[in-house]
Structure formats: structure tokens, C-alpha cells
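Scrolling down, you'll hit the structures one after another.
Note that subunit A is present in both complexes that follow, paired respectively with subunit B and with subunit C.
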Partner chain A sequence: MTRQEIEGEILSIFRREFEVENPGMDDNLREAYGFDSIDAIELLLGIEKLLGFDLTQEEKKQAMDIRTINQICDYIERIAQARAAAAGKK
Partner chain B sequence: MFFSRCFWLAIDFFITILLWGYFLFGYLFLLLLFYIPAYIFSENRAGALQNLNHVHLKIFFAWTRLLIPRTKFAIQKEVREIHSSVVVCNHISYLDPILLISIFQRQRTIVKNTFFQVPIFGWFLRNSGYVPSAPSEMMGPAMINNLESIKEHLAAGGNLFVFPEGTRSRDGKLAPFNKGVFSIARYCNAPLKLIYIKNTNKLFRPGLFLFNARDFIKIQVELISFLEPDYKGNNFSISAVADETRRLYEARIAADENET
Partner chain C sequence: MERRVVITACSAITPIGHGRDRILESLLKGISGVKPLKEDELLSRFIHSKVYGTVDYPIDYDFKRQFRKTMAPCAYYACQVAKEVLEQSGLPQDFITSGKLGVAFGSIHGSPLTQRDIYRTFFGALADKDDKAYKTIGAVDYLKSMVHTTAVNITKMFGITGRVISSGTACTTSSQSIGYGYESVKFGMQEAMLCGGADEYDTITVAVFDNLLACSTAFNDEPHRTPRPFDKLRDGLVVAEGGGAVMLEEYEFAKKRGANIIAEVIGFACNNNGGDLILPNLQGITNTLKLGLENAKINPEDVDLISAHATATKMGDIIEAQAIANVFGNNPYVVGLKGYMGHTMAACGSIETILSLYMMQEGFIAPTLNLEEVDERCAMIKHVQKIIQQPVKTIAVQNFAFGGVNTILLLRKIS
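And now, the complex of A and B:
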């Protein structure tokens, strides 16, 4: 999945789940849109669906520090690459 | 008239002292006799403490039935049989959470943070696996730990009961719902059981802090519906589940109002 595709999917999740249209990629989600911890769970579940696999507890904990959409995209890329590398080793 | 009112007020006061006395000192007594051994020796510490709490509060309601014979309890069999579910409930009285603990043997809930600061009781709540509503517990890695722990609890047959209104309704009307409970259910991939409590606010009236021994009261706990949303489906929406839940409660309350 390319960076552009990830961004498109994340923006779609924000439109569908949080009714946020065209958020800034570097907006602080908490300050700009009142994003709270329950929203973070919804986002995590959306990311799992996007990636097509369940995140580990550690991976979920890493997501809790995310503040912007760009950071979400970085996170997804990082997880996808780590999983692909792990699968390659096997 | 005046003497009758004074008589019943004295009875209510006496019963209130007895019941809350049992409630508070029962915790202390049980703590010494059972909680500490359960804490030290049980492999499933939280489960053992939940079970003891369940027994303690069952006895509390047995005393209530004995001391207030004019109040009857009608708890549906289907409610008692609920397991591995997120139980959603309306909230009309302080009695509601303790009534649910007396019904469900393995139970967790989200508790106001202030209760965790009460000596002994706070220790007991934390070790029983109840989750504080404090922002520090519902954010960051702590939240993931809590959710994973709830997921394990549900998988082992326990229930999580939550009042989506967050606080007691003073007038019996439904307050706005917090959607957090539905997100927790989705995270845990758990079914939602909607239960309806009626008349606990007549037995223990908001603002009075006295049990009501005079009136004939029937407390009902019934399963009004259960939802098994397709959490992984493309069309799944938390808002739709929350709205459907609210609609079901409103219909149930309206049915009650039509009866009276």
C-alpha cells in the first residue's frame, strides 16, 4: 500500500467514523477536533481493518502517542513494514 | 397523619442505618475473613474478589427483602443467565450497580474515580478489576491494558456492565449516551445485552438517602434486547449502534409511561 493510499483510507475513516471533513495532515487531533481516547480505540480498529490483521498489544500501545494524521500514516507504514519483514524472515 | 409520617420516617431511618451499616462493615468484616486470603492464595485474584463482592451484595439484598417486605424484586431469568457480554443499563439509583453485582457472579464495571480514593474500598475495587473512569486510566497505554484485561474477562465468561448515561437520572428520563461503552464492546468483539432497571429510585430515592419501607414497590430487572453488531463489517457504525440502543430504551420507557 502506498503512502497516498494510506492517507486516502485514513481520511475516509475520519469522514465516516468521526465526521471530520478534510482535516489538516499536521493538525493536533486532540486540540483541533476534540479527539479523545475512545476515538483512538475506534481509529485503532479502523487501522486493523485497513491492514487486514490484528495489532499486538505493544503495537496498540505505540499508537496511543499519535497526535496527527501524518503520524498515523507513519505508524501504519512502520507496522506494515515490520510485519512484512517478519514474514520475510519466516 | 403527622404521627404516621414520623413513624415511617423513623422506620426508614432505622432500616437505612442497618442496611448501610451491613454494607460498610460487611466489607471490613469480609476483608479480614475472606478478601485477604483470596488476595494472597487465589490464582485468579480479581475473579475471587468479584465473587466475594457478589456474595456480599447478595446478602445485602437478602437483608433488604427481609427488612423491607413491601418491596418485591422481579429479576428475569434471562438477566441472570447473561455471560461474556457488555451489559448496558439505564441508571436511576445508587442501588443499580450493587444490584447488578448481586446478580452477576463475574462482573466488572467502570467506577467513578473518587471511589478509588476511599481507603480499603479503593484497594478492593482496584484488585477486583474494576476500571477507574479517570482520564489517566482511559488514555495511553493504561487504556490498552484495561481494555485487554476486560477482553480476557469477557472471554472467561464474565460481564462488563456499564451505564452509558454516566450518572443517575434524577427524573427517570434518559440522559445523553456516552458512546465509549459501544467502542469497548467493539474492541472486545462482545455482544451487547440491554437491561432495564425499574423502581430502584422508589426504594432508595435520589436526594433523600433513605430507604423507603412504606410504599409497595416492585423492582424489575429485565432484558429488553440484545445486539450482536457485525463489528468488522464495512457498514458498521458506532453511532448507529448507539442510536439503536437509545431507541430501544426510549421505547421501553414509553411503554412504562403508557401503562401508568
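And now, the complex of A and C:
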């Protein structure tokens, strides 16, 4: 998945699930849209669907410091690359 | 320190209407809110009682997603009536968030619709041997279905920081809310309390009463003719949905700020039968009524009107009539408001309080709907079978619940 595709999917999740239209990519989601810990858990479910695999507890905990859309996209890229790398080693 | 407590706002969503005007119209015209039970593709086909007190009109909610995400239908009712009561009270925003205002609000068991979704997922996962299906249980399902969901969705939405009381005592849930709210203000713990209860459309509750043979089944083809409190042909209760809220304030505080004082809460009592969890208990209820009068420091003859619990079960109505006769004789008028809408469960105490306040304000007593021929075993008290135009000064609101819990609230007009 390209960075552009990831951004498109995440913006779609935000529009559909969180009723946030066209957020700035570096907006602080909590401050700007009241995005809270409950939303973060719901978002992780959406990310698992997007990636097509379950996130581990460790991977989920890494997401708890995320504040912006750009950081969400970075997170998804990082997880996808780490999984791909791990799969390549096997 | 004992302080006087007054009601300065009230609002209800009921099967006979939302808000004062619609509810009064239904009371004055004798309109029932009981409708056919809806098909729910789960329990409705097994339930013998095919009637339900239904909120079947649209409500114009305006809640932002940040609030909606933790709200089940019962919390929608709760937050809507809470919003209306806060607006009506005119309490300033800085007071609402000051910690001086608390919330006493409940539902009988959180949100059964949300719980149903959880069980559907769980049992579906078991049946399909799908280990991952449990993940589809939402992160907010507990927040939607916990027993205090109505109370804390209200505190969240309006930034209320005072105490939270969330009774979950079935049919006495919101009469306890008002009673414990009253005590919180009376004894100086809070300056004001937003009190009430709400329950959503739910066939699990109907199934429970249906299994106990306590639901009405004889009027499935004519829903508006049941329930029939104190009537010879009554055959059980009708489950209903709705929400009600009142604002209680310390009298001097309310007077000083120029609040519209609707009535004073002059007493409250709650006790338990200390035995059977289902059967009505004459001694227990008689004691409750006496305790209420004692708490209000009034005599039985001071009460003009009793809003009876009167669910229209065979034995419940007889025992209540006997208890009323024991304590009040046949002096006060007695109305069974469930005749209009059925049993709104956690909301019934607050809704019946609000309807009583409307009658006090308007100076009339509505008849018990569907009371056509009084059961001779309930005939020793003064029933209302047609509209009575008469000032009402002091009202007793009685509610009783599974678990043997009994409550009485005493309300008085401020002269």
C-alpha cells in the first residue's frame, strides 16, 4: 500500500467513523476533534482491517502516543514494514 | 441541618408524548401510548404479551458524536430530558460545572439492546467456532450498557462534577433517584440535584414478566385497552419505554435566584419487605406509606392525591389498595397513571412525578385510563374515573419494585 493509499483510507475512516471531515494532516486530533482513548481503540480495529492482520498488544501500545493523521500513517507504514521484514526472514 | 428542597424544572419523554403540552393533551383526552409489540427477530415471537408502551414519534436529538459514541437508546432519553431540564431551570453554566450540582439517574439494567449485541457476537462466535469474532465487541459497549450509563453520559455531556447516584432498583430506580437527590440537597451535600431515570425499548424485560405470567395478554388486539389498573378485567402489566428528569434545588437558593418553583419535595421514604423478591407485601408497603408521612411531617388527611404504582397485576393492585386504605382511608383521590402508557420501568417514578406535577399546576386530576369497572377488592379507596377539576396541593407518588423495594415521595404546592 502506498502512502497516498494509506492516507486515503485513514481519512475515509475518520469521515465515516468519527465524523471528521478533511482534518489537517498535522492537527492534534484530541485538541481539534475531541479524539480520545475510546476513539483510538476503535481506530486500531479499523487499522487491523486495513492491514489484514491482528495487531499484537505491543504494537497497539505503540499507537497510544499518536496525535496526528500523519503519525497514524507513519505508524501503519512502520508496522507493515516490520511485519514484511519479519516474514522475509522466515 | 435540614433544608427545604424544591423542584424547579421537569421534562419527560413518554409513550403519550414528549414535553408538557403533548402529555397534558393525552391526559385530558384519554389517549393511550400502548401499541403492538414490534417484531424483533429474537424474542417477540415467543412472548405471549403483544403490547408495549412505545415512544413511536421522532425526537429531534442534537448530540455531537463525541457524546453519541457512548450512548445507548436509554442514554439518549436521559440526556435529552436532562438537557431540557437544565435549560428550563435557568441554572447558569458556572453553577452546573461547579460541583454543587449532582446527578441521580438510572436505568433498570443499563442498555439491554447493547447487551443483546454483545451476546449475539459471543454466541455467534461460539456457534461458528470463530476465535476472532469477539474482537467485534465494541470498545464502548460497556460504557453504553453499564448500569450507571444514563447518569454519567449526562455528567459528561454537561460537565457536571457533583456526586453521582445511580440506583438500579428496577421499578423504584427513578423514585429513588428523586428521593436520594432530595436527601442530598436536604442535608447539605449538594445545592441541586438533577434526578430521574430512563429505559429503552426492550423485549427482554417483557419476556421476564411474561414468564412470570405478569404481563397483559388479553388485549393483544386492542393495545390501548391495557393495562387496566384496579379494573376488574385487568390481566397484567405492559412494559414501556421512556425517560423523565426533575431538577431539585435548595429552596432559599432557588428563591434567591428567582427560579420558577414548581413544587416542594416534603418527604421521601424507602424500605424493603425483607423477604420475597417478587410478591407484593401489605405490611412492607403499609410501613413505607407511614414512613413517608412521618418524614414529611404531615397527616394522612393532608394528602389530596395519590399516584399509585398500580401496574395492573392481579395481586399488586389489591395489596396497594389495601395499603392505601390502611394508611389514608378513602380520603385522597387515587390515580394509576400506568393506564396511559404502561410501565416505563426505571423511568416510572420520575414520569409519574412529572405527570402529577402537571396536574398540580393545571388544577385537575386525570382519571385512571381503562378503569371501567373497579375490582371490588380494590374498591375501598377513592378512584378517579373521569377528569376532576380541582386544585391539588399535596401528592404522594408511590412505587414498588422487584426485590421488595418500596418508595414514596411527598410533593406539595408552594403557596
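The definition used in the following text is that the second predicted complex is superposed on the first by the 90 of 90 C-alpha atoms of A that agree within 3 Å, B and C clash if a C-alpha of one lies under 4 Å from a C-alpha of the other, contacts with A are read in each partner's own complex, and residues count from 1 in each chain.
Here, a contact is a pair of C-beta atoms (placed from the backbone, for glycine too) under 8 Å apart; a residue touches a chain by one contact, two chains touch by 3 or more.
Nothing here was measured: the structure is a model prediction, and the numbers come from that model.
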First (subunit B), second (subunit C), both or neither touched by A:K49: first
First (subunit B), second (subunit C), both or neither touched by A:Q57: first
Partner with the higher number of touched subunit A residues, subunit C or subunit B: B
Which of subunit B and subunit C A:I38 touches, first, second, both or neither: both
Partner chain(s) touched by A:D65 [first = subunit B, second = subunit C, both, neither]: first
Subunit C-contacting residues of subunit A that also contact subunit B: 36, 38, 41-42, 45
Residue numbers on subunit C that touch subunit A, as the complex places them: 65-66, 69-70, 132, 135, 138-140, 143
Residues on subunit A engaged by subunit C in the complex (per definition of touch): 18-19, 34, 36, 38-39, 41-42, 45, 48, 54
Residue ranges of subunit A in contact with subunit B within the complex: 16-17, 36-38, 40-42, 44-45, 49, 57, 60-61, 64-65
Interface residues, subunit B side, partner subunit A - complex: 135, 138-141, 143-145, 147-148, 179-180, 183-184, 186-187, 231-232, 237-238
